[in-house]
Structures are given as C-alpha cells and as structure tokens.
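Chain naming follows the written order as A, B, C, D, E and F, and within any one chain the residues start at number 1.
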Amino acid sequence: MNTVLFVIIKILIIVIAAPIVGGLLSGVDRKLSAKMQRRKGPPILQPFYDVIKLFQKETTTVNNFTRFYVAISLFFTIFTVVLFCLGMDLLLCVFSFTLACMFFVIAGYSSYSPFSFIGTERELIQIMCYEPMILIAAFGYYEAAGTFSIGGVFGLSSPVILKLPLIFIGLTYILTIKLRKSPFDLSMSHHGHQEIVKGITTELTGSSLAMVEITHWYETIFSLGFVYIFFAYNTTASKIIAAVICLVVYFLEILIDNTFARVKWQSALKYSWIITLITGALNLLYFNFFH
Amino acid sequence: MQNFKIIGKDDLLSVATQMKYDHYRLAQISCTKKDKLDLVYSFVKDYDLENIRIELEFDEEIESISGIYSYAFLYENEIKELFGVKIMRISLDFNGTFYKIKKTESKNGEVAQNG
Amino acid sequence: MSFFQMAKTVLSSMFKKPATLNYPVKPREYDPIVRGHIEIEIEKCIFCGMCQRKCPTGAIKVERAEKRWAIEPFDCIQCNNCAESCPKDCLHMHNTATPANENRDLIRDARISVDAEDNKDS
Amino acid sequence: MGNRTIVPFGPQHPVLPEPIHLDLVLEDETVIEAIPSIGFVHRGLEKLVEKKDFQQYVYVAERICGICSFMHGMGYCMAVENVMDLKLPDRAEFLRTIWAELSRIHSHLLWLGLLADAVGFESLFMHCWRLREEILDLFDMTTGGRVIFSVCKVGGVRKDIDAEKLKKIVEVLSNMDSSLRSITKIFLSDTSIISRMSGVGVLSPEEAFDLGAVGPMARASGIVVDDRLLGYGAYPHVKFEVQTATEGDCYARTKVRINEIFESISIIKQCVSLMPSDTAIDVPVKGNPDGEYFARLEQPRGEVVYYVKGNGTKFLDRMRVRTPTFANLPPLLHTLKGVDLADVPVLVLTIDPCISCTER
Amino acid sequence: MNMIKKSPWILHYDGSSCNGCDIEVLACLTPLYDVERFGIINTGNPKHADILLITVSVNEQNIPVVKQLYDQMPNPKAVVAVGICAATGGIFKECYNVMGGIDKVIPVDVYVPGCAARPESIIEGVVKALGVLESKRKANEE
Amino acid sequence: MSIMIPLIVFSLVIALVVRFMKTQKAFAFTVRLGAAGVIVLSIVYAVCNFNNVVTFDLSNYEWIKYPVLALELLITGYIVFRGISSKKFLVAIFATLQFGLIAWFELTQENNITVKNDIYIDKISLLMILIIGVVGGLICLYSVEYMKAYHHHHPEFEDRRGFFFSVLFLFTAAMFGLVMFNNMTLMLFCWEITSLSSFLLIGYTKTDEAVNNAFTALVVNVFGGLCFTIGIVILGMHSHVLDFNSLMNLSNNNTVVMLAVLLIAVGGLTKSAQMPFSKWLLGAMVAPTPSSAILHSSTMVKAGVYLIIRLAPLLGSNAPGYTVAFVGGITFMYGAFMAISQRDAKKILAFSTISNLGLIVTCASLNTPEALWAAIMLIVFHAISKALLFLTVGSTEHQIGSRDVESMDGLVNVSKAVSMCLIIGIAGMFIAPFGMLISKWAAIKALIDSGNIIILLIVAFGSTVTMFFWTKWLGKIIANAHNKKKIDNTLRFDEKASLFSLSAMVVIVCAGHPLISKYIITPYIQNNMGINFSSPIDPVATTIIIAMMCVLFILPLIFVPLYHAHKEKPSSIYMSGENTGDDESFHGSLGQVQSVELQNWYMQGIFKEVKWCSWASAIVLVVGLLSIVGGFFL
C-alpha cells in the first residue's frame, strides 16, 4: 500500500515539476537569446505569463477534433515523461513519445488549413529526421547498460557516455530538432516569421495553443532526460554532473539556435540521417565489435 | 529636353521589334488621358533613352507588345485597367483584375478610370 | 564557408550592455530638430490662411472671420510646410509627438487650452 | 481533393512585410506555379497631382514608399526641375546625394535584416536592424524624421547639414565599419546562410535582360547598369564603382547589395570632404512647370523612372513613376518556378520587393 | 490573475500605406526598442494575436482581408491604428482608391499619430491598448 | 487426419459448386456458407487440437503421389499452354523444368526415402490454419458484396464471379494443405496451386495489364517453385530427407544441405515477394481487392515466410541465414521507402506488405527464440491488419470512387464506419500500443542480442519511414475537409460484418497478445528449440501497453462531456486573409476563386521506384552472391 502511495506521489511530483522546470528553461532561453541579440528580453517567467494568458483567452476552433488530438498528445507526452522519470523501459518511452508526436501531427492534419498542413508534413519529416537517432540511442543504451530500463543507469559503475560518445554527439544534434531550435525549426517556429506562418499551430488558439506550449515543456524535459542518462551512474556526484551537463547542452542549443539559418527539409533530412549513420552506426559497430 | 518620337499605332510592333533587336530595354509604358489617349513607350539602352509616343482615340484598339517584351504585360495590364486602353492580346491578361480598383459605374455605364 | 560565423558576435553580445533604450521607463529625449507636432503662438497669428493653403493634407483650418485656427493632428504629416510659409512665423514644429489617442477626431483648436481639450476628448 | 497543394501566400503573411498575394501551386514543397495578385497597396496617388500643386506634391511623392522615400522626393523634384530648367546650387546636390546614399545604406541594412529573417536567422535580423538604427539616428539628427525626411523641395533642399553634423555623419559611419563588416561577413561566409542562398533563383544575364531586371537584381546577373552613372546629383564629382556579380543567384544579389553599402559609405565620405562651402541650398522657383521630362535615378532597388508633364498651371497634367520593383517582378515570377516553398521568402526578398512603390 | 497585460501578442497588417509606419512597427521589435520586454511577440497569425497593429489606409481590396483578420482573432482583442494613414487616410485620403481610415472597416481602439509614427509613439499606443484589452476582458466576463 | 479432411474437402466442394453458379443469390448463399464453414471449421479444428500435435503418416497411401503428379502435370500443362500462347516462354520453360524434375524425382528416386509424418500439425500450423480460416473466411464473406459492386462499377469487365469465388476457395483449400504438410513434395504441390490461383486471380479482368502482371507473378512464383523443387531434390538425393521434421535434425554445417536450404529459402523469398523478386506483388494489385487481401497480403505471401520459419532451425549464424536476414532487412527498408512515393492506397499496402514481410523474413532467419517470437507475432498481426486495410480500401473505393489516398480527405465525414476501420487498420500497422509495434519491439531486442547491427540500423530507419507514410495517410482520413456533403453509406451487411470483425480482431489480438504468446508461440519455440523461453516483452511493459490501449479508447469518452461543457467559438481557417468564408476556397489570383487543395508529400524525386529497385536488387544480389561464395566455398 505504501509503495503504491509512494509511486503516486512521485508521479504527481513529476507531472507538476516537469513543466515548471521546462517553462523556466524556456524563459531562460528567451532571456539568453535576447542577450545574444543585444536586447533586454522578456522576464524569465514570461512563458508562464503567455500560457496563463492563453488559457484566459477565448478558444476558437476550426473543427471539433483538433483540440482533442492536442490534448491526447499532451497526455501521452506527460505519460512518457512519467515513464521516463520512473525509470521504465527506454524503448517504451520512445514508442509512447512517438505516439504523442503522432497525435500532434494528426491535430495538424485535422485542421485542413494550408499552412498548418504544410507544417504538419514538415513535422513528419522532422520526426523522420530524429526518430532513427533516438531509436539508435536507445539501442546503444541497451548495449551499454545491458538493459532497456532507465532505472538501470543508476546501477552502472561507469557512465554510458564512455561507451557511446559518438551516439551522444548524434543525440545532441538531433535534440536541436526536438527542441524546435533553428536550424531545424521547420514545422513551427518560436520566432515569428516563417513562410508557413505558425506551421502546425496556425489554427490553434487559446487553451489549445497553451497545451502545445506545455507539451513542449515536457518534451524539453524528456529530451534533457536523454542527455542525463548518458552521464549519470551510481555515484551522487555523477547525478549532479549530469544535471549540469544537461544545462550546458541546453545552452549549446540556444547558441546554435542563434547562430544558424533555418535549413530546408531536404538538408535537414540529409544531414540528420548522415550524422545518424555516422555516429550511430560507427558507435554501435565499434561497440559490438569490441565488447 | 528629351525627344519623343511620334509613330502610328500600326508601327508599334515593328518599332518595338527593332528596339529589341537593338538591345533596348523597355523602361516603361505610360498613358495620359486628356482628350486623347497619349501612350508613351520608353526604351533604354545603357544610358540612352528613347521615347515613342502613340496617340489613340478612346475606343481605338492597340496591339500588345508582350510578345516582344514579355514583361510588358505588367504595364499593359496596368494602363488597360486604369485608363481603359484597349490593348489586345496581352500574354497574361488580368482582364481588369490587376489592381482591382473600386469601380464606380457612371451614368452611361462607363467604368470610372484614372484618366 | 564556415560554421558558427555568428557565434562570436552572439557571444560577445552576451557580455555587452543591451542596446535597448528602455523606453518608456526612461523617457526619450528628442533632438530639437525632430518633427513631432505643430504648435501655434496664437497671439501672433493674423489668420491669413497661408498655412491652410500650403498644407498638403488640409490638416489646418483657418477661419478668418471667427479668428479661429485649428489643426487636426491625425491629419498632419509633420512636413513643416506650414511653419515655413507662415508670414508671422507663429507656427513651430515641436519635437514631441502627439500622444496616442483613443479618438482620432481630435481637433486642436487654438482658442481652447490644450489641457481642457484633452479632457474633453477622452 | 489534393492533386496539388495550393497555398494562398499573402496578403497578410509574416514573411511578406507588405500585402501582395501569390497563389503558390506546390507539389511536395516545390513551387510549380506562382501567380501574383496585387492591388492591395494601390492608392492611385499618381492622380493626386490633379489635386495637390506641384510643390505640395513632393510630400506625396516621398510617401510613395517609406523605405526609399527620400529618393522619391528627389526624383520627382529632379523631373520638375528639369521641366522648369532649374539649376540647383552645388551644395543642394551634395546634400541630396548624402541623404540618398544614407537612404541606400538604411534600405540595404533593413533588407539584410529581413533577409536574415527569411532564412530563419532571427539574431542576425536583430543585429542588422540595430546597426540600421544608427543610420536612422543620423536622419533624425539631420532632417528631424526617421523614415520620412521632407527635406527635398522643388528647387533645392529645405534643410542644411552644418559642418558639425557632417563630421558626426562621417564619424558614425567610420565607427560602424567594423561591426558592419563582421555582420556582412556572416552573410557572405556562413555555411548555413550560403546553403540557403547560393544556387537559388538563378537568373542568367540573358534572362535578366529578357525579363527587364534592373538594379542589384540585374547587377547580380552581371549586367552593368547603374543610373548613378547618368551623372545627376553630386555623382559626377565622386568616384565609385558599380558593384556587380556574375552568379545571378540569391547569394550574388546579397553580395552586390553588401558591397553597395560600403560603396555608399565611401561616396558619403567623399561628398562630405568635397562639400562646397557656399551656403545656398535652394533656388527660387518662379512660374509653373510646362513640358515633360523623364527623370531616371538609382534607387536602392534599382532604376526608378519619373515622368512629369506640366501644362503651365500649378497642377501637373501627369506624373508617373515606374519603380524598380515593378520591373523586377517578372524576373521574380520566373525564378519562383521550381524552387522550394522555403525558398520563396528568400527569393522574394532578394529582389527586395517594395509593393508600395510598385503599386503606388 | 490576469495575464493579458503581461503577454500581449500582436499581429501586424500593412495595407495600402507607404512602408513608413510598417518599418517603424518592425523597428519596435529590434534591440533598441525591444518590445519583447513587455512580452510582446509579433505572431504573424491572427489566431494567436491579442492586438492588431494596423498601418493601413484601406482600399476596396483590403476591406475583406482586414475584416477577416479581425474576425479570426480570439477575444479579447484590440486594434491599434498606427500612423495617420490608418487614422484618416492621411495624405492619401483624396486618392481614388483609398477609402480612408481603418475605422471604416473595423472598430479601432487606439490611434497612434505620426507620419511616420515613431516607435515611441507606437509603444505608447500598444501600452494604451493593453488598458483597453483589460477592460474588454472584464466586460466579457460580466 | 479425420478433421483435416473436412476443412480441405469443404473448401474444395464449395470451390466446385460455386464455379457453376450464375446468379447473385446463388453466389451469396454459397459463398456465405463457404466462408462461415471455413471460419467455423478452422476454429473448431483449432480448439479440438489445441493441446496435441496432429501427425499423420501417408506411407500406407503410396498411390497418392500418382494423382498428385497427374494434377501437377495438368497444372504444368495449363501453365505451359498459357505461357506459349501468350508468348511468355520463360514461364513455360520454368514450369516444364520443374515438372520434369519433380516427376523424375518422384518416379525414380523417391522410393528409398522414408517420410515420417507426412502431415504434422503443430502450434504454428494451427496458428496458420486459424489465420487462413478466420481471416480468409472473412475476406471471402466480404467479397460477395464487393464483387457485385465491382462489376457494377466496372461494366467493362466480363462478369466471371463464379470463377473468382471458385479460385478463392480452391486457394483456401491449398493453403490449408500447405501449412499441414510436413512432406515437402506434397507441400510443393499445394504451393503450385497457390501460385496458379494467384495467376488466375491477377488476370481476372483480362485486360492487357492484368494479364501481363499475372504472368510476371507467375514467372517469379514458378521460378521460386523451381528453386524449391531443386532444393527438395538435392535434399532427397543427398540426405534422404523429404520432411521438415527430419530436416531440422540435419547439421547446418553441410554445404550441400545448406545449398538446398538456401534454394528452398529462395522459394520462400519469391513467394513472399522479397528483393529482388518483389515486383510481382505490385503488379498483383490489379486483381480485385479481396483477392489482393487474401492472396497478396494475408495468407499466400505468408506461405513464403512460413516456409522460412520452418527452415529457421537451419538458418541463423551461417551464410544462408545471413543472406536471408539481409535480404529481409533490405526489403524491409526498400518497401518502406517506396511506399512513401505512392498515392494509390493499394500500392501503399503492397509496398508495406513487402516491407513487413521483409521484417518477418529477417526475424525468422535469425533463429533466436526472441526473433522467432517476433516473426510469428508479426505474421499474426500483419495478417489481420492488412486484411482489414485491404478490405477497407475496397469499400472506400466503392464509397468515394477512388482509392487514391489524396481523395480520401475528410473520409470521416463520408463514412464513419469505413474510416474507423481504416484508422484502426493503419494504427494497427505502426502506432505504439498496437500489435505491429509490439512485435517490432521484440524484433529489435532479438536483433541487438544477436548482434546484427546492420539490420538493426536498417530497422531503425525503416520503421521511421514506415511511420511517415502511414501517418500521412491517416492524416488524410481524419482531415476535416469541411466537406458538408455526405455520401450515402452503402456498406452492406457482409462488408460490415467482416470489416468490423477484423477491426475487433486487431484490437483484441493486440490486447490478448500475451495469451497468444503464452499458449501458442512460446510452447512452439520451447518445443522446437528445446529451451526454456518466455515472451520477450516483460510483464510490466505489457501492462503499460495494455494501459495505453485502454487510455486510447477511454480518453475520447472522457472528452465528450468536456466538449459539451465548453463550446468553442467556430472560426474560419487561416488563409492569409483571403478566405471566401466557406473554408473551402479563397480569393486567388487573376480574380478567381481557388478551392483549397492540399496534397501530401510524395517525394517522388527522392524515392524513385526504378532507381531504388535496381539499387536494392543489386545490393541483395551482390550480398547474396558474396555470402554464397564466402559461406560455401571458402
């Protein structure tokens, strides 16, 4: 009984803490980006203001389904993050995460509006860009940690990164896509100006849009979680170091965001796959050969 | 002062062809509406400007030169819509939807134009 | 061809002071030459109507008989033409802009004091 | 039924600062057809000559467009002055040239920012526009307006720039140099930007001629046209080179414009040092224009043609502008075919479109 | 807690005006003026916007466009007319293809004068619009 | 034996009877009866024999090979005749060679070989029988109304329904035989019949295209048959083995045996349309949809992979094993990549079938318990989902008059039922809690554990691509195309019955996969490999998956009241301000009103069929040759 209660409390904490951290990170992101552009930038809490405002605004819809798909997408993203933080099977996390993304895509399709449609196609391309690498990272993790279980990482005597350095590089590359950072902010952009307007979120308003934003916060946590498990192992220091490295990676992503032009989908696909092949394949082959 | 060569409307195509042959660029086509329609075609080569003037009655038709200067279609659509010049056979004819100006029908059913 | 060309600019910007002027927290000081809005020294005006004739937008209304000079700030393009052509030199371009307003039919009638009229309009 | 995707691109669209509409017919993301629809900005201000007298009309002319506004005023004045046979004092010509070239810098910087934005490079956009503000401050300081100057008039200019301010201009421009160079270097050498621009929207010299391209668009295709060589204003007194490139793609257009910025800076510096010290900045205007004239001058976007026809009254018979964007539309439509949707903003921007100029 | 004052997103439409006011609106986003300090984002999409910044005098063709953009914005929303073109048609009001100010088509909440309107004035106008938004929201709730 | 006869005989009888029917009523009655019979009989059979392995020896019925040979002669004769009269000499040559070989072998060489258990029905055969019976039966049921509508829509084709149904049932009978026989020569006989049925059904409409494609299919299949035959002959002459049970006991170090195994595997590869033989399956799509469903995705092509599963014990870490696994891997990726550029729904299904078969082949040939588990699971899930998809596409075609994916936008508005089935079918193919993904998961584990990194990478990319084309299709269906007009729902009872049953099966089988695993697959693997084995998906994960499944079905229900509570303001879609007001069109250029058209991406420039096909074939051939050379001669 106690354990059940414990798990429930844990889940609650994850569900509440993850978006707070995610939102703060995105606030920091906006502040830092502003600094990089020699602006003062919005307050750190701005993402929360935005989301609360969106909830307070009227929600208009182009049809009855879109909102619902967005909600399911949010649900499964939360589900994924919970699974992840509870140390469940990594591959399962990836699958349920994909399911969440799928629902987001479906939401885009359902509105049947030109810009959101093109955004959706691009979103699919983006998924196509990062999915192999994420899968390969999971495979690599399995080989290195001997289990798919995320919890297993804390029983290791050395961090996974030592065995999967290349995969880690590939993963950071791919996270840029997942975090919707330039140069890969193809399907929807946090910045205002894009040829497809707001892409996949063009038709979403009020609370639907707020849900997308929250989904994104959870996604950030999930993505950084991926980084985390590359560095954490059974010492306490490693956990702190891993957390710091997550922040460093996030900073790096912000830097990249500010130093690259948006690529086209062809290049996005090409480079992602090439990098996936190089880092993923080399690392897996090497690992398999020598262990 | 700049000179304006006045030609008849039937000579337009041959003059334009000659201009194109001489590697002139079409700088603009303009129309002034007074008691007549006064069309001015300007051609430019390097820094040399040639103006061709054609005077038309209001209901006279004139050939398009968009077959010779492909980009003339923009000018022609413009003056066709704004001044009601009857330009025939424009390569891409917007048929009065170029600027989509507000059209107020006057008493005699004529569309109010710029001129 | 190179990556991270921008990184230097971006990173050094992080350590520079933001270029932001911080308006409206810090009010802006305008150069005297700046064209903000037209003001009249009504005492000097002889209601000759020159400014009205010169104004390209018809923002100024002068009624000689009633000795009335009025300007519609939402019609004025701040070209300074009126001021330049006024024989009595009583029109001046002031360097602050007319404040944003919820009502555009704002008429600055020189016979009425500016404050009173602001109150009337809003 | 989707046999192709048709995207209504504009009039309200975040990458188009101005309203214009394109029906983009796409297959996957490739544009197979682009049909324009314009008229959102058409005001019909050419006809306003019948209601505003030729002196007042300067203010209308410069409001054809807020970006290249100074040279609209200047072009209009030049045309009228030629009709009326006015010879301006040298200082006025120099002042006009300084403002014109500053406008060019401002316009090009603005454009660079927008281009950065079109390729999805927000921080670069910010940096370009930050630099541009320094030029705007110069305008503010010399004319009292940031974008619309109202300093041209028929017969000269309305404001003088005193020596101190001239020094300030040179100072600011010199100080900008290093940051300007580092920013423009990014455009010319950053891989991610080059990958978006080089090879996109190639216009060969023949096509450029056949489609009537002007200005940087034509120069980027290797055609040497620059109306400043006609020798209006103070241009006969200064040395400058016409910037050209040969590739004819978006990258070449960027290169040309960037080089023009530096060329303009040098022109301004020359003007300041050659500035005649007599103080006359205008000549009295007597009578009304009678006659017609085509004035041509080089706007930031290329050749603008001003035609005025006076009839001896205060009100002109006809005023006509042919703006560079109007001439550059056919090349744009031509190059749009076959590019990706993501290239559309880049391509549209590299002609540096100005719809308010085009439609008047 | 009401957040609309802390995160007003804007949509910018530029109709039949010269670009003067248009580029000044954009200038507000740039480092010198940086309206993102107030949480303002230029969304480019009516569905996300709270404030419609409009720099046009309308012509026939713009009317449906402006109406539609306005309709697609979710409540509460405010309209700021920037520049005298948007207020009255400005210098173009006598042109044959200009209908006049934007208030001919949609209700305007705040007018920003100037030709071109200065960024400071635009910021001022937007700040005023925030008050309007706030009161509209209250009205909505009742 | 006793009960096997009813299954086959019943099908044969129906096949015979229905051949001579003429009226819709008669068809309806017989085919329904036949379908119901097949379903019921196969279930009864499976239940009755669930716990025992049925074996039967035909050694007392030596004479049986003569009628079989005679029938084979007949078939060969027919093929040769058709081949020659249509100038397809290759078919004739292959068929003649094959018959000559088998006749020579059986008549002169076979005597000294003893076959133990000519019929051997273990768990996997049982599973196949269930699939053939239930899925096949449902498809037959479906086809009654379908074929009626088909001829209604296509008056240009001769109405040969009697022939059609007859071949369908003949095929079913052959399939039952195929999975029961342990004796390879008998299996080969059934194998031929399936090839022939496929040929007949593809050519059903008698158009040039159909006939050509039918021959392509036949050439490939007969070639496969030939390889199979050669393999059998080699095995028989060299090792004196003619049945799978004994085959398993052979050592996999013997070069000759392995060559034979490879040849038989090639037979399997042709039937399951692996690279470089996959082309025929695409051509087969000209056949009426039910036949595509039953022959070209659910059952017949599974015969190929079934054969490879049977061979699995000899494959694994050896040259043929690697070759086959690699071929499967490449096919998996090739199929997925090609499906991206297709907009014809049946083509997509065909490519995805090819692709999935590739994965099954790979898993089967790895010969590790997890891989085998994955392979069998994949067969089950794939058979059901694909049958459902094919049938639904058939119905869709009759509802909207096209099977172009692009014309399916807003299908939900047209027919809720059809689109629900389509959605379930598509979801079943790739979305998380559904079956295919579970099996893929197991496959991935198996691949990692067996160290097949290259194939692992292929799977990573292939799965991603798979997701792309399914999702975009899904997107089209659920797109709310603002389509106000509703076409009348013309689904007939039979169609509904089979569509709904199949949809339900997709869900049930998925939720119940632990049971299938526990009672069918695991015992089979344990028996076969003699090891202790349990499902590769651990119970926690299974629970989570089932939980996800429930959530997927419950969430929508939760949202219903929310929807009623919170009415959103409807709004028009964003079209840059040019909307005409009805969400279907906008004011375009040249003063025209353009209607909104949205087309998915097909990237035909990148995923060119010809280019990739030749590349993939080349890779497969080179790798195959290299490994044969490397494995056998070095």
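Heads up, the rule we're going with is that a residue touches a chain if its C-beta (ideal position, glycine included) is under 8 Å from a C-beta of that chain, and two chains touch if they have at least 3 such contacts.
Computed from a predicted structure; not experimentally measured.
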{"item": "Each chain counted as touching chain A and chain C at once", "value": "D, E"}
{"item": "Chain whose Cα mean lies nearest the overall Cα mean", "value": "A"}
{"item": "A-F or E-F, whichever has more C-beta pairs in contact", "value": "A-F"}
{"item": "Label of the chain whose CA centroid is most distant from the centroid of chain D", "value": "F"}
{"item": "Chain at maximum distance from chain B, centres defined as averaged CA atoms", "value": "F"}
{"item": "Whole-Å gap separating chain D and chain F, where each centre is the average of the chain's CA atoms", "value": "65"}
{"item": "Intercentroid distance (Cα basis), chain E paired with chain C, Å", "value": "19"}
{"item": "Chain B and chain E: spacing of chain centres that average the CA atoms, whole Å", "value": "39"}
{"item": "Where chain A and chain B are represented by their mean Cα positions, the distance between them in whole Å", "value": "59"}
{"item": "Junction residues of chain D, two or more chains touched", "value": "5-6, 8, 11-15, 26, 29, 37, 39, 42, 44, 47, 59-60, 63, 121, 123-124, 126-127, 130, 133, 145, 148, 190, 192"}
{"item": "Residues of chain F touching at least two other chains", "value": "409, 476, 569, 571-572, 574-578, 587, 590-591, 596, 598, 600-601"}
{"item": "For chain B, residues contacting two or more additional chains", "value": "97, 99-101, 114"}
{"item": "List of chain A residues in touch with chain F within their complex", "value": "58-68, 71-72, 75-76, 79, 83, 88-89, 91-92, 95-96, 98-99, 102, 105-106, 108-117, 120-121, 124-125, 127-128, 131-132, 135-136, 139, 142-143, 148, 197, 202-203, 205, 273, 277, 280-281, 284-285, 288"}
{"item": "Chain F contact footprint on chain D (complex, rising order)", "value": "1-6, 8-13, 21-23, 26-29, 35-37"}
{"item": "Of all residues in chain A, those that touch chain C in their complex", "value": "32, 34-41, 255, 258-260"}
{"item": "Residues of chain D defined as touching chain E within the complex", "value": "11-15, 17-19, 39-45, 47-48, 51, 59-60, 63-67, 69, 110, 113, 125-127, 129-130, 133, 136, 145-148, 354, 356"}
{"item": "In the complex with chain D, residue positions of chain A that touch it", "value": "33, 36-39, 114-115, 117-118, 121, 182-183, 185-186, 189, 191-197, 258-267"}
